[in-house]
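Look for chain A in each of the two complexes below; its partner is chain B in the first and chain C in the second.
Right, the complex of A and B next:
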């Protein structure tokens, strides 16, 4: 059962990646203008027809699109993402320079969001009707309505410009004078912005599913039978965590979208900032690589969440659901 | 505040914002693109209500004009995603069977791709005006709508009154529009409302990154894009006001959506 289930999830992930690759390839292909001209940039006018034809042949641009896609996909799977137009270095090298930063930001923010929302959500959900309960409902709507990058601008204006205690942008570098602590100073602002704008809405979701769960019949029965409150709470929390995990999985894609913007604002040298930069400079190989790698990260993190759900939820293991 | 009062209040807030931005040209004494290099970075005061930016343009008139652009882009894109979502979800829910399974699998795959990534890819070569922005946001934002429409249609397909109508030989288009679509309106309305907030977020984010609405057209996101540099020299008013407007607009929409969401109804986002 387990093997079959994991297999099914993996096939789904592959399909998603295939769609992403289709999108990135065909979108780039649909880009207006002659790729040969794009490659030569400002000097394109000096090319004559024969030279253009030669370039098309060298880059296999005269072959059918589907054949080009096949060749491209085969190379991509082997880890060859091509060479960046602007930097002249292999895309895979550039991507792997950026990957640790993105994973660091993603890991740190996700950790604090999950810990914070479980703490807040449980505190609010277990005491229905309390100040906590009502307060969290309102606060979560307010915090989730703040555009993260705007909060970032305010933070920069306050902490970097007025107080001058935190760097306004950049991501430092491990191995520089400051080492780890240096990196941490750069991480504080982008991470705080993401955490503040996200923790409320996750906490609220957990709070609501705890409230729904507490109204269930088994809770009343357990209470009537004199089962310790601590045990009941544990049961409620465990059952409420399933929709919560599902919610995290559902929102991870948009969470990534948000971090792209925050990365760009703080010039955090991660994948998101790289992707935006490649859009602006029209560096297509780099853009395609960035999109594919982001897709891969999303698929992998969804897979991890699915695995956790599989462990937490016995119904899934028995094959009841889905 | 009591739910009913809160609803009225936030509707009023949203209404005021819409009216203010719609009447932008009457309310401001300066043109949104009028430059005056003698008056750059003027702080908020008598002459310029909310100050001026790095080219001496009046922030207040740009704020109103920008709101018009942002809200127009969001509205058009939401309408587009509404149409696509109803068609996709309706077909999937009404036809059912293998068609439904395939369509839903496809949707599930699409929903896991961050829509911002798709939009970025499109923007790489479109770089058009505000209409192409609206188009792109629209064609990437219909997924949740389709899901809701599908589940509503599946629920209503088995409802007694629909079965009765079928029995009486009511024409199929009448069942589809008069019965099923009309009864899904409350659910569709709420998801569209949240979609609207999402569309504002995306427009603002893209323009903020400098790859959204062209710089010549003022929008809330564009204003924040320039504010990034201005804030470093202490011109806080350029960045503060567009952000406040975005915040209040999205806040109003979210509160309205919350108030309309009937707690007795099944969770809409599930």
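Right, the complex of A and C next:
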């Protein structure tokens, strides 16, 4: 049962990645502009038509898009992501340089968002009508309405320009091998911006699930029969965590979308910033690699969330669809 | 055992129960009967201190020398744990769906009496056996069991804890006729064997006739008649009771 379930999830994940790659490949080629010209950057005007054609032929850009996609897919499945147009290095090398930074930012922010929202959401949800309850409802609207890029600019202006205590951008000192503390200094601002703009809305979601769950019949029955409040709360929290986890799962893709902006703003050398850069330079192999790897992180995160749900919710395990 | 005196319940200015007074004698099955909306379930909520937010109860309900309406939350919690057991109407939703029955049954029974997990398992197994339930249900989740089985689980816990007062709020209305009969039989046995005082809330006169010794008739938030079941059935005084009895046949 469990093996079958995991297998099904994995197949679904692969299908998602296939669709993502297919769509992005076609959207990429539908975008205006000539990759051959973009390849030459500032010197593009000096190219004559024959040279452009030659470049297109060399990179197989003159073949039908579907054929290009087929070739790309066949190579990718073999583990060959190709070579970056712009940097001339293998895409996989570049991706693996960027991956740790993205995972660090994603891991740290997600950790604090989850811990923070569980703490706030539980405190607010368990005491309906309290200051916590009303406070969180208001604060979450405010924090989630603040655009991350705007808060980021405020942070840079305050902590980097005015106070000069934090670096405004980058992900490590230049020429420095970058110890842990060094990295941490660069991480503080982008991470704080993402956490602050997200924790409220996640906490609010949990707060509402807890409040809905607390109104359930079994809670009254348990309370009427003198069951310890601690036990009742544990039960409520367990059930309320199911929609909460679902919500996290649903928002992870858009969470990544948001972190691309923050990565670009702080020049955090992660996948998001890389993807944005490769769009501008029309570096197709690198862009496809970046999209695919980001997609993979999303799919794996969703898989982990599904796995937690599977453990928490016995109905899933028992195949009950009521 | 329980003496309710001028109990009134108000929700947002609306009078739900109006100065109702009745007495639940020790060792007997007392039934509150009335149509839906007569305030019988609200009366139970007030006795248990689980009124919905915004509801306010006044008057007295003296149980073992303590006024249930006026005690602190902490004291109420202790009374519920030590002396009362309540079975509700909707057994299917009376348990947390994502927790195994073993843990829930233990919280409803063994934990209250202070038994260890091992003691609980032995004693509960015997009770479940007696009720015709397989011991395997403790390894299952509530959604894998039927409403009738879950209601029997509830009564298993009542049998286990042997409360001073068992309150059963429409315990059979979600069950079919056969299970209803069986359940009433269990209540009677609990009363006869363990001498448990039972307050049985129902809208079904047949159940009153079958099980109860004393009855309280409620209508639109007021207690209109109280007395011995035999006496009331033979000589109903209030016109509403008479109508109720006539509609039975």
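Everything below uses one rule, namely that the second predicted complex is superposed on the first by the 274 of 322 C-alpha atoms of A that agree within 3 Å, B and C clash if a C-alpha of one lies under 4 Å from a C-alpha of the other, contacts with A are read in each partner's own complex, and residues count from 1 in each chain.
Going forward, a contact is a pair of C-beta atoms (placed from the backbone, for glycine too) under 8 Å apart; a residue touches a chain by one contact, two chains touch by 3 or more.
Bear in mind the structure is a predicted one, so any value in this text is a computation, not a measurement.
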item: Simultaneous placement of chain C and chain B on chain A, clash or fit; value: fit
item: First (chain B), second (chain C), both or neither touched by A:238; value: second
item: Partner chain in contact with A:313 - chain B first, chain C second, else both or neither; value: second
item: Touching partner for A:223 - first (chain B), second (chain C), both, neither; value: second
item: Partner chain in contact with A:147 - chain B first, chain C second, else both or neither; value: first
item: First (chain B), second (chain C), both or neither touched by A:300; value: neither
item: In the superposition, chain B vs chain C on chain A residues touched; value: B
item: Touching partner for A:74 - first (chain B), second (chain C), both, neither; value: neither
item: Distance in angstrom between the closest Cα atoms of chain C and chain B, superposition on A; value: 17
item: Complex contact set, residues of chain A against chain B; value: 12, 15-16, 19-20, 23-24, 27-28, 30-32, 141-142, 144-147, 149-150, 153-154, 156-157, 161, 168, 243, 250, 253-254, 256-257, 260-261, 264-265, 275-276, 278-280, 282, 284, 287, 291, 294-295, 298-299, 302
item: Chain A partner contacts - residues on chain C that touch it in the complex; value: 48, 50, 53, 77-82, 84-86, 88, 90, 93-100, 107-108, 111-112, 141, 143-144, 157
item: Complex interface listing, chain B residues touching chain A; value: 105, 108-118, 120-125, 197, 201, 204-205, 208-211, 224, 227-228, 231-232, 234, 236, 239-240, 243, 246-247, 250-251, 254-255, 258, 269-270
item: Chain A residues touching chain C - in the complex, by the definition given at the top; value: 129, 216-218, 220-228, 231, 235, 238-239, 242, 312-315, 318, 320, 322
